[in-house]
Every structure is written in C-alpha cells, then in structure tokens.
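What follows is a set of structures to go through.
You will see two complexes here that share subunit A, one where it goes with subunit B and one where it goes with subunit C.
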Partner chain A sequence: MKKRGKSRIVEYIVTLLIIITLNFILPRLMPGDPFLFLSTDQGQDVMYSEEQRQQYLEYYGLNKPIIEQYVLYLSKVIRGDMGLSLYYNEPVINIILRRLVWTFFLVIMSVIISTIIGMILGSISAWHRNSWVDKILYFKLIILSEIPSFLLGLILLFVFAAGLNLFPLSGAITHYAEFDNGWEKVIDVLHHAVLPIIALSVTRLGGTYLLGRNSVISVLNKDYIRTGRAKGLSKVRIIGNYVIRNALLPVITQVFLSLGGLVGGAILVENVFAYPGLGHLMRESVMIRDYPLIQGIFLTVSIFVLTANYLADLIYVKVDPRIKNNSDTESQ
Partner chain B sequence: MKSIPIDVKMGVDYLLEEQNILEVKDLSVNYISREEKVKAVDKISLNIKKGENLGIIGESGCGKSSLALAIMNLITGGEVTGNVFYKNTDLLKLSEQKLKKFRWQEIAIVFQNSLNVLNPVLTIKEQISEPIKTHHNFSKEQIARKVTELMELVGLDTRWEESYPHQLSGGMRQRVLIAMALTCNPKLLIVDEPTASLDRESKTQIINLLNYLKKKYKFTMLVISHNMKTIKQLTSRLITMYKGRFVEIGLTEEVIKNPEHCYTRGLLNSSPELFPYKDLWGIKGSAEEDTDKGCAFYSRCPQSNQNCQDKKPELAYVGVERMVACNQGGIITFLDARDINKTYKLENGNYLQAVKNTGIQVRSGEVVALVGKSGSGKSTLARVLVNALKPESGEIYFLGEKNENERATKMIGGMQIVFQDPFTATSDRLSVLEVVTEPLDIIKWNTPALRKEKAILLLQEVQLPTTSSFLNRSCQNLSGGQRQRVAIARSLVTDPKLLIADEITSMLDPSVQANIIRKLKELQINKGFSMLYITHNIDLAKKIADKVYVMQDGEIIQKGSSSEVFHERGYNYVSERTESGIRSFGGSK
Partner chain C sequence: MSKRSLLSLFLLIIFVFVTMVVDVDLIGQNVFAAENTGDYAVNTIRLSGGDYGYPSPYAHYPRGPGGYKRNLIFDSLLEKSEDGLIPWLARDYQVINGGKDYLFTLRDDVVWHDGEPFTAEDVKFSFEYGLEHPLVWSDLSKDDIESVAIINDNQVLITAVSANCSLLSNIGNQRIIPEHIWKDVDVPKEYNEPAAVVGTGPYILTDYNKEHGTYRFDAFEDFWGPQQNIKTILFVPVSEAILAFEKGEIDLTDVSPDLLGRYESNPAYKIVQQPALWGYRLIINMKDVDVLKDKNVRQALVYAIDQQELIEKIERGAAVAGSAGILPPDHVYYNPDVKNYQYNPDKARELLQESGYTSLSFELKVPTQSVRMAELIKEQFARVGIEITIISADTKTHDSRINKNEYELAITGHGGWGGEPDYLIDRFAGEELTGTPSALGAVGYNNEQLNSLLIQQKEEFNSENRRKLLYQVQTILAEDVPEIPLYYTSGYSVYRPEKYDGWMFMYDHHSLSHSKLSYLERK
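After this line comes the complex of A and B, so read on.
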C-alpha cells in the first residue's frame, strides 16, 4: 500500500509540474499583452501611453527573459503566491478563494442532486428492467443529458427568470440587501442558485442514471443476491446490504472523478447566469489578459481536478474491500 | 434383464409409505430468453425421504442446479410450474415474504462455490451471522458465539472472521458456505457441487466434513455433483438427469457398479476417479436442441432405434429399487452365454476341458475384456460364441435369440470376430477388396457395386488407402498392421452389433498396436457397437475395458466393472491370480 501510495503521489506531483509549466506558457502564447489591452479603448477606465506600458512591463518583470520569468513564477507558486492581479490590483489567491466558494457550492450541490436522483431513477429502471417504466426513463434521460448545459441554462433563464419571474436573472445574492437573520440570507442564496444548479444537475443526470442503472442491473444478476434470498433475509436487508452497497461502488468513484470536470462545466453555466464563480471570473480575466489571474484560475482548477482524482482513488479503496486487499498484496 | 414396466405412480405410492420430507410433483422450469424457450427441468416428480442422502448427477446444463433452486423457489427469469411440497406446504405458491419461514430454517443450500456467491462487501462473520440475526432472537454475544462455534465446526480458523470472501481460498470459501448453511439447523440441506474446483485433499476433507455433519445433525441431504467420487461417498440413492428429465434412479452403489441407462454409463465411463487406468472417452456428441418428440438422448445413444426418435420414454422399474427411462428398458444385453463347456480330445487320448461352466455377458455399447494367460480357454470360448466350435453344453443368446448355425455372424447387425493372426485370417490370394466384401458376398447383400462402396467406406474408416491399385493388391503384399486393418474392415462391413477381437494386436509392434487399439475404440464409440476384447495383456485391457472377465483354467474366476477389478481390488490381485492360474494350467499340461 505504501509503495503504491508513494508512486501515486510522485505521479501527481509530476502531473502538477507539467500543468504549472503549461500554465506559464499558454497565456504568453496569446497575442497582445495586458498593458496593450489597457492602452486601448476597450480598457475603459485607464489609458496607458507606450512609455507607461514599458514601465509596467518592467515592473511586473514581463520584459525579462522567458526562462527567468519561469523560474521566478515557479518559486512563487510553490510558496502559494500567485501574484497580484493586474486588473484588480489584489492578490490573485484572494480573488480566487472568494469566487471558488460559489463554484464549489454549485458543483457540490449539483453532484449531490444529480447523483441521488440519477441513482434512484437508475435503480427503478434496473428493477423494472425492459418494462415501459424503464424504457421511458431511459429515452427521456438520454435526450435530456444531450442538451448542452449553457443552452439549458438559457432556456431556464428565459422561462423561469425572465418569463415567469420566479427566479432572479443573475448573481449569487441580492446586492445591497439587508437580511434580518442568517436564514433569510440562506434562502436568498438558494433562490439565486436554483436555476444554475438545475442546469448543471440535468446535464449530469443522464450519466449518473446510466451508471446507476447498469450497476444495479449487474449487481442484481450476481449470485450473492440469490444467496441473500435463499438465506431468507428481509427485503430491506437485501436491498441495503446486498444491492446498494455493491452498486454504489462504481458510482462513488464516478462522482469523485467527475468533480474536476464539473468545475469546467460550471464555467459555461456561471457565465449564462452571471454567477460570481470561478468560471465567470475566468472569462473576465481572459478578456482583460490578466495573466496572473488566468494562471491562478487554471492552476486552481488543475489542483482541484487532481485532488478529486486522488480522492477517488482513496475512497474507492475505502469502500471496496477487494481493492484494499489487492494493494496489500502488492506491497508484500 | 427385461424391463418390467410398472406404472410410475406405483413407485410414488411406494415411496409415500415412508415419511417424505419433500415431494416434488410435475416440476418444470423454463427459461425464456428473447424468442427462445429453454427447458431446464421437464416435468419432474421426486420424493425425498426424511434422513436420506440423495444424489443427482448429470452433465452441466442438465437442469440439476435449476431443480435445486426451484425447490427453494429461487428461480428468477424463468417460469416454474408444478408443486414442491415441503411438509404439505407448496413452496411454489408462497410469497417471498412467507418463504422466509422456510428458507434457511427448514431448507438451506450450500451453493456452488464461486467468488460471487458471497457478498463481496461483507465480512465472513457478517455473512454467517445474518441468517441468525434474521431468524432468531439472539443477543449479540450469542450470535458471536454461534458464529465461532460454526467456524470451528467446519474447520475454519476464527481469525478469518473479519476477512472478506475474496481473501479466502476455494476450500475455505466452501467451508464458509457450509457453515452459513448450518446456521439455522436446516432439516433439508441441498449441496450443489461441493467439491468442484477443489484440489484432491480439500475434496476429501469436504466430503468427510459433510458426512460428519450429517451424522451429527441428522439432516436430509440432496447432493448435486458431476463428480462420481463425491456422489459415491455422500449418497445412498442416485438420480441421473439428462436434459431436465430423470433417466435413471437407483441405489448409488448399484448404479455405479452396474448402470442400466446408456447415459449413466457414459457419465461413469468419463470419470477418471472411477477409472484411473482407462483411456477416457466422453459421451459422443452433445446435448442438442430440444425436441418434444422422442427420447432426448436419442442422438447420443449407442443403441437407439427408430422407435426412440418418436417415443418419449417414461421412468419404469427394471429391477428392485431401479428405474430407467428408456424405450428399450435400459442397456440391452447383446450376448448372453451360459454354462458353456468345451472339451478337446488330445492325441494321447486324454481329455482337456478348455472351457468349464463358463458364462459371459456383453451389453450394448460396452467393451468387455476377457483376460487370462494363453491357454486359459479364452479363444476356445470365443470360437464357441460365434458357432465356430460346438460346445458339449451351454446356451448362447444373441439379442435374446439362440445363436445357432452361425445366425448371428451371418446377419447384418450381428456378431463378427477378428482373429489374432491376420495372415491366416485373410487369404493371401484374394485382393484387399475381395477380402473386405466377402462377408457381404456370402449373404448376398445388395448389389456388388454397393458392396464395393461399403467396403471402401470401411477401409477409409480404418485409415487404409482406397486407390484402385491398393484395392486390387493381393493381401500377401501387405504388412502385418495393414493386414490386421483389412481384417477389421472386413469384420465391420456387416455393421455388427458385437465385435469379438481375439488378441488382435498381439502380433503387432507397439506403435501399430496403439494405433489400431485407438482406432478400434474410436469406431466403437462412434458406431456404438460392443466389443469383446480378448487379451493376455492386462495393461491393454486396463486401457480400454469397461468390464472385465478373468479366465483361468477354463473358468471365469473374477468379473466386474474394470474399476472394481483393476482399481478397487487392486492390480496385484488380478495379476497374481492369473499368473498362478497359468502356473497351475501349465502344471496340468
């Protein structure tokens, strides 16, 4: 186990290093530079002259040789310093952490909702396999999951926010509102989050449904289910200890593996709903060529994906005794 | 052995007299997949007496496991009809909820050992204790004590309690399955393939364990297995199942010693544990598509006829405690010779009794070896059997009719003999073709062209060339091996039901001998004829014989299935007896 764990961690570190390097190179491959942007009309508030631009380039070290910039960047990142945002003039890490909370909120809520609903529908389908219930569920969910999340977001926005006026059009919280108590604030936050969460959940639902359905079907065909019945166990026990416990194994891994991807998926949805998460921030920072911020966001997302994968590894070992044993024998 | 057809119902009534723990009536199990309907169990009736050990054998897919599952009403994805009465309650009519009272507490099952039969995410302890928790009101300590007790009982170290199924070996898992089945002291224990996939030592241990537990708890046991040794050691009554039907029922020991259905015999003959010396030959073909018409075993049976294709056989008594489902009343006796005596008058005026009060039986589809040293009277007996010599007394029946005036050797589907010496048995002057067609020419079978066709076919079967130059070659130009093959082709040209092979390979070198023996056995399996194989070579007899007669001084001193004669009583027994026989025979000379 230890040996395997160690090599795993090395793998993750190498991956992270490659990502950091790419993270450093990619923005620099984009045409233009932040001060060029700030020097044009689109820069709105401030306008820089060519002289000022050079001055800033020097100040931020952007005119130094690329290798030097790289080494400097690397050493800073390792210390947790992602630099100052060029636009906001504030440490990148602070901006990101503030926004990350909202993205996390969306992603985790939609994962929980889509997994629970998908698993329940999948189990119903599996239980009534090949019946009309199964066929209808299957058909509808496949179609639903094929709709891109941003399109679904737009439709939801048009119908429920703009049309029926049931939900706010944008944001995560009512600005400048004063809440009497914490509870009201929670309600307000949820009110804002409903549509984005629905958009994200529905897109994910098809996948979890299919996985849940297949998993339950394969477990139901296993010999140990028959053993459980032969032993005269209660239905509750069979469903709980025999079906669900075994069928959940692949689902759990899938949840953790998909966490990373979902952050990416949230970018589009956040932009549709002008939700102040990481995705929304990313779009903004790309628009304004805010190198440190872009790099910081990419890095954060990468770390998030890697952590999710690592967690998936860990969790799977925890829930499936067979994996635990295999790694035990490997270390012997 | 004539079959005495007795109504099946009578058998059921007779069994009812004793207390039945389980009564299965007209049970059918059909699996429906897409458009196909697969009959796994086909209208079976069965009674299990309280306290008995019943075994079921059959190839995989014969429906034995389906039967076991149907008894506990555990079939899913299939259609089950009929009744399964457990102490007057029809288990097939109960809901899953009501079945809980019967499952495990009354009837428990030791499932066929596989990794998936145990829940992979629960520990051994949890899985053994589950039924106790469900069916009894025990405290935690009581349950823990019971689990420990059971694990010790089946010989499983308690340190495995917290292990998961995948951490155990096959043998240990089998013990877990047994311990689990015993948790609620079932009255009827179904054991499905308890020894499959176990090594020899574990096999013996599990069999001993089951026998011990059976004595201790006095449960009734239904054992399903394809391993004859397991069945032999665990059961007293035996059922052979083929394609969802019972084809033979009898006492285990008797059935193994003397099967009455060709299928049972085929299964026994395929078992290395019963015949450690013999070359293994499985039953020809495989279970085919189901037809409602006729006998299910028709296409694989060595003695099937037109009738078998149309008529579905029912179980009928063929002896005490023995029932067989066969249109011909079980394995037919081809040759039955009784009380044969033959004495030669020697030149010096003395008499030599070569065959004394000897009887021999050959049934359909079997290879009977008649062993004994030269001069023990084997060849004399063979000649008497084909009417080549006239005995002083004794009767020979072929297919139930007296064999006189070479009746059996002159007919198609009769009896033929191949002799030791191919050089005297086939004429030097005749061509290969003439030699082979001669038996047909004698009885004027069909047209000469058809005879030639048939001869060529047989020459091909014994792997001889069929070019016209070879066909017209005179026999004197052939080698010993070739000439013996010609002799075999000649004897098979009349499609005999019984072939007597008298030391046919003793003049050949070992390689040719091996080829001829294997060829002959292959022909025997495919064509389904029987063979009386006469030899002084015990090692050869061991390789091919299903039954053995040991002859000494003109008498049969020992007979039985080859597993009995060669294996159980031991090789030395035979060799010593025959060798001492030779000595005494030589002495009287």
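After this line comes the complex of A and C, so read on.
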C-alpha cells in the first residue's frame, strides 16, 4: 500500500511538470506579443508606441532567451509565485483567487443539487425498476444530460431572463444596489446564480442519476435489505437507513472525480452569463496573450483536477476495502 | 474518514464558499453615503462599465475607456473642448522662442484630493517622473523634452528638444500627478494603493471592483474648476447594451443604425451621430511586392473599391467614405479638394492595362472580425480582374504579421484619426525622420517632397501656413496612394435628455462619455 501511494505521488509530480512545461510553451507558440496593438475594436483605442512596447518587453523579461525565461518561470512557480499579469497589473495569484471563489460557488452548488436530485430520482427509478416510471425517467434524463451546458445556458437566458424577465441578464450581483441587510445581499447573489447553476446541474444530472440508480439497485439486492423487509420495516426506513446510506459511497467518490471536469464546464457557462469567474478571464487572457495569466489559470485548473483525482483515489481506498485488497494483489 | 465526517467536511466547504462569495462584495459597501444632491444638477448617471483597470496613470489597461477614466481623476495643463485646446491647470500659456519653449502660468487655487496644495513643483515632477517612467498613455517621450524649469511659484517653462507644433497638445495632455505621493514610488506600474488615484480632477474614485468591472466616481467638492453637473458616475457592466439601456440600467449607449427607428420619433430620447474619427485602412506592402510599387496599380485598387457598398453593407450607412488624402473629413486640417477616386471599375481596368497587367492576384490579410469586409472587397476586385485570397486570423496574430511585413495587402482598423497630423509622419516618412521604420507605416514608400513638407508643417506655428502645408501633403498622398483609407465610422449614441443633456464630443475623439467636459457645467 505504501509503495503504491509513493508511486502515485511520483506520477502526479511528473504529470504536473509536464503540464507546467506545456503551459509555458503553448501560449508562446501563438503569434503576436502582448504589447503589440495595431488593430483595435471601436472605442477601445490602444496607446502603446513602439518605444513603450520595447520597454515593456524588457520590463517583463520577455526579450530574454526562451530557455532563460523557462528556468525563471520554473523557479518562481516552485516558490508559489505565478508572476505579474501583463494586462491586469496585479499578481496572477490574486486575480485567480478572487475569481475562483465565484467559479467554485457555481460548481459546488451544482454538485450538491445535481447529486441530491440525481440520487433521489435514481432511487425512485431503482425502486420501481423496469416500471414505466423508471423508463420515462431514464429516457428523459439521458436526453437532458446530452445538451451541452452552454447551450442550455443560452436557452435559459433567452427564456427566463430576456423573455420572462424573471432573472437578471448577466453578472453575479446587482451593482450599486443598496441592501438593507446581509440577507438581501445573499438573496441577490443567489438570484443571479440560479440560471448558471441550473445549467450546470442539469448537464450533470444524467450521470448522477445513472450512478445512483445502479448503486441503489445493487444495494437493494443485498441480503440485509431482504432481512429488513422481512422484519416488516417501513419503506421509508429501509430506503433512508439502509439503501441510501450504502448506495451513497460510490456517488461521493464520483463527486470528487467529476469536480475537475465540472470546472471546465463552468467556464463555458460563465461566458454565457458574463459571470465573473475564471471562464471570462481565461478567454480574455488568451486573446491578449497575457502569458503569466494564461499559465496561472491553466496551472490552477490542472492542480484542481489532479487534487480532485487524488482525493478520489484516497477516499475510494478508505471507503471500499475491496480496492485495498485488489491493489495488494496487483503489486505482488 | 467516516461517512459522517466526510459529509460534514463537504458541508463545511460549501459554507466557506458561500460566505466568501457574499463577503467579497461587502468590501466597499460603506462608501454609500446618505443621498444628498447638493448643488449637482443630476444625482447619478449610470454608464456601461467593464474592467479597464485601476484608473491610476500607471495601472489602467491600455484601452480608451481606461485612459478616459483616469482623466476624470487627473487633470492636465490643457483640456480639450469641441473646438480645440483650452486652458486648464494652466490658466494661461505662451509658445515662445520659435516653438522651442512653452511657458505655462498655473492656477493657484488648486488642491489635490487629499487636501495638499497643488504647486509648480508638482508640474515639474510630473514631467520628469512621467518621462522616466512612461505613463500607460502618453504622447511624450524623452526625445521630446529637454528640460522643465520652475520660473516662480506659478510659472513653469518647458523646453523642447526641437520646435514641433504638435508638442503643445502633447505637453498639454500629460497628466499631472502629486509629487508628495509618487516621489517614493519606484515601480509605479505595481503601485495600486488608494493614494495612486489622488489627482486634482473633478471626480474621486470611491469604488472599484475588478472582477465585476464596476467603478464609482463621486464629485470632488473642492475641485478648482467648473461645477460638476453629476454627483455620482457609476460604471456597471452590461452584457447587451441596448437591453440594459431600455431597462434603465444605463443612461447612454451606442446604437446600431438598424435600431435608430426605436428612438427617432420619441422625444424622450436624443440621438447624436459621432464624428468619424475611427477608421479602416487597406495597407499596401510596397517593399516586397513589386507590382504594388507601381502607382498605377495602387490607383487602380482605389478605383476598384466601392466604398459606399462597404459602408451600406457593413456599417448600415453609419460611416464616411475614406479620403485618399488620409485625414478624415472631421479632422481640423482635412483638405476637401484632394483627388477624388469615385468608384470606377472601367478606370481601374484602364490603369492596369496601361501598366501592362490584365490579371493580378494578391493575398489580403484581415482580422477575423473583418472577414465580411474582405469578402466584399474580393468581389469588387474580381470585377476588375484582380484575384484576392483572403487570409484571416485573430487580432493578435494579424497584428504580428503586419508588424513583420508578412502581407501583400492587409486591413487594419483603429482610432486616433482625429489626432495631431503628425501620425502622417509615422505612417509615411517613418524611416527618414526617426531612423526606424514605424510599425504602422507604409513599408517601401518614400517621397522626398512629402518628407520635407511633413518636416516643415511640424515646425510651422502659424496655423494658416500649417494648414496650407498639410493640404499639400494630402494632395501628394492622394496622388501616390501609399495606403487606402476605406471608411471612417460615425456611429450613433442615444441617451435620455431629461435625465442628463450635457454630453459633448472633444474635437478629436468620437465618444461622449470619454470627454471630461461632458460632466461639467459649461458656460
């Protein structure tokens, strides 16, 4: 077991190094540099002279040999320094952290909602396995979860925000509104978050539903359930105390495994709703060739995915003793 | 880890994030003071926002909306009105010694936002510090200014390296920053303290949120100048400006010509057309492409382009056709009598034949957002036997290709056409005057007569004589066609006059909300 843990960590470190290197190389393969502006959008005039451009390239060390830049970047990243954004004039880490909060907010809320609803629907399906309820749920949820989140987001935006005027068009909060107390503010934040969260949750629902259904079905076949039934326990008690509690394990593991992917999905949804998370920032940073920021965002997302995977690994081993036995036989 | 502790860990994480999200925005809440309209005509104006950086002269992003927010906080020696430069922090100025010296007499009733008095020292410091550490947006460089000297408590003498009549506006436009704050700042770009936005201007920054892209500016009560009309200016981000305008979320917006009908007959709205000072040009590589060195071919290209069709189909009519003399009709020095290339495919074919060409083919490089325009030009060129291959790329890639001269023909769109006509030097005489070919210039083009006229006009301080010289310059450019201005956009803005009606355009710029005087009382 220890051996395996060690080799896993080495694997993660190697993966991280490759990611860091790619993060460095890929943005620099794109033509153009961050301080060259010839064409602009209307009303967005840019004011750098060639002289200033050279000055900035020098200031940020972008005119040094590429290898030197790479070594410098590596030594900084190891110390946790992601550098200074070329466009936003702020340490990359601050910019990312402040937006990450919003992205996490969306992701975590939608994970909770989709897990709870998926689990409930999955249980219903499993309990009524092969009846019409099961079939309809199965069919509808599979269809629903195949719609890409940003497309669903657009539809929600048109119908509920622009059409019915029930929700705000964009943003995460009403700007310069005066709130009487903290609760009104919380409600305002939630009001803005409803549509993006729905968009993210619905896309995720199919997966949790299927997992929940399978998991519940396998638990339902267990001996202790039969015993419970034979003892004449109520349906609610059987489901609540025995089925859900046991069926939840694989679902929780799945939650951690899917967190990484969800951040990716959130980025698309954020762009649709102009939500101030990482998504808009990532798009912008690529358009303006803000190398340190591009590197920072991709690194953060990568670390997030890797951590989620690692946690999933750990938890899996903890909650399911069979994995431990298997891996022992594997390593022999 | 037990199931229960796992679950509580999960709940804890959720709790932390929800509080963080809510907390983040509570910062800055306290700036909401009690409503008090006081002497202001209008309490609050809301404008379309978005993040353009912390509006210090060093931290804002290099985009128009960032620079003009800075201008609300920081004054300059001169300011721009509808017609030209007006005295501002300098109550009087003199250009002496044949244009080498500039004597500014300063106002003595000015205080900084932090209460410190404004002095001649601040002006001297601003120029010296600003040349050592160039502002994000500045028209001056070390090569322009020889010295800045304090004559007495309220007079400053700025000596130029050489006489140049564009310098007055460039010097006059330099932001004046407080010495007592900036003198200890070594890396101004990274100085983001509240003190970095202390200026003498009419407005104080009272809130800024980077993630959301919101700004709040409040009138500075001890402002030396004209009374502010608006107490509070709010910039809030909008996803769809017209929808936000109609919902009352913002009070001024640009509107596409297709939607003008909604507002035209309604007295609640006022529509203004913007001066046409933002333009597209077709640039020509005369260095690497031999065919394009032939003036006949270049003239044929102009005749072959139907500018009206481009304007109708792309801008829905809201643009002014390009002048072959480069300076747009809304420019102060525009020459209306330059050679007029009306769309004339026959003439184009004739010119090509004269030079012995019956068919030609070029690559046309465009940024992705201009592909439609490129397609139209391709069709128009096809009518005179010129074949075009369109190559599009994202803006950054496109710009870098132009910069490296990796093009035959290319389209680029940008602002600044209303500025000092010195930009003609950068574009058409770059190599001769500065020793380095300008990145924006017409590569491979050289006309001795033009170069000498451009130098002369630069040193001509008599406005009428300068006009004559610039007219000649435009005549030559129209004949030589080193590049082809396609059109200058003149979009529309709409606002609610009963809410606020003080909007104005600076003489050289196309945006109402960018003008400082838009927010101040006018005589």
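Everything that follows uses one rule, which is that the second predicted complex is superposed on the first by the 287 of 332 C-alpha atoms of A that agree within 3 Å, B and C clash if a C-alpha of one lies under 4 Å from a C-alpha of the other, contacts with A are read in each partner's own complex, and residues count from 1 in each chain.
Simple rule for what comes next: a residue touches a chain if its C-beta (ideal position, glycine included) is under 8 Å from a C-beta of that chain, and two chains touch if they have at least 3 such contacts.
Here the structure is a predicted model, which is why all the values come from computation and not from measurement.
Peer 1: According to the stated criteria, A:Arg245 is in contact with first (subunit B), second (subunit C), both, or neither; which is it?
Peer 2: After superposition on chain A, A:Arg245 lies in contact with both partners, subunit B and subunit C.
Peer 1: Looking at subunit A, does subunit B or subunit C touch a larger number of its residues?
Peer 2: Result: the larger residue contact count on subunit A belongs to C.
Peer 1: Now for A:Tyr88: first (subunit B), second (subunit C), both, or neither, which partner does it touch?
Peer 2: A:Tyr88 sits against subunit C, while subunit B stays out of touch.
Peer 1: Between subunit B (first) and subunit C (second), which does A:Gly182 come into contact with in this model arrangement: first, second, both, or neither?
Peer 2: The answer is second: A:Gly182 touches subunit C but not subunit B.
Peer 1: Quick check on the superposed pair: does A:Lys222 touch subunit B, subunit C, both, or neither? Answer first, second, both or neither.
Peer 2: first
Peer 1: Quick check for you: in the superposed arrangement, does A:Gln52 touch first (subunit B), second (subunit C), both or neither?
Peer 2: A:Gln52 sits against subunit C, while subunit B stays out of touch.
Peer 1: Which of the two partners, first being subunit B and second being subunit C, lies in contact with A:Phe105: first, second, both, or neither?
Peer 2: The answer is second: A:Phe105 touches subunit C but not subunit B.
Peer 1: One more residue to check, A:Gly232. First (subunit B), second (subunit C), both or neither?
Peer 2: first
Peer 1: Pick out the shared contact residues on subunit A: the ones touching subunit B in one complex and subunit C in the other.
Peer 2: 245, 249, 319
Peer 1: Please name which positions on subunit A make contact with subunit B in the complex.
Peer 2: Contact set of subunit A toward subunit B: 222-224, 226-235, 237, 241-242, 245-246, 249, 319-322, 325.
Peer 1: Quick check on the complex: what are the subunit B residues that touch subunit A?
Peer 2: For this pair, the touching residues of subunit B are 69, 72, 74, 76, 96, 99-105, 108-109, 111, 114, 116-122, 130-131, 134-135, 164, 166-167, 180.
Peer 1: Can you list the subunit C residues touching subunit A in their complex?
Peer 2: By the definition above, subunit C touches subunit A via 1, 3, 6, 13-14, 17-18, 20-22, 24-26, 29, 32, 46, 49, 53-54, 58-59, 61-65, 67, 134, 136-138, 141, 189-190, 192, 207, 210-214, 216, 234, 236-240, 243-244, 254, 278, 367, 369, 393-403, 412-416, 436, 438-440, 489, 491, 510-511.
Peer 1: Can you name the residues of subunit A that touch subunit C in the complex?
Peer 2: Against subunit C, subunit A makes touches at 30-33, 36-52, 55, 59, 84, 87-90, 95, 98-99, 101-102, 104-105, 108-109, 112, 162, 169-173, 175-176, 178-179, 182, 185-186, 189, 245, 248-249, 252, 273-274, 276, 287-289, 315, 318-319.
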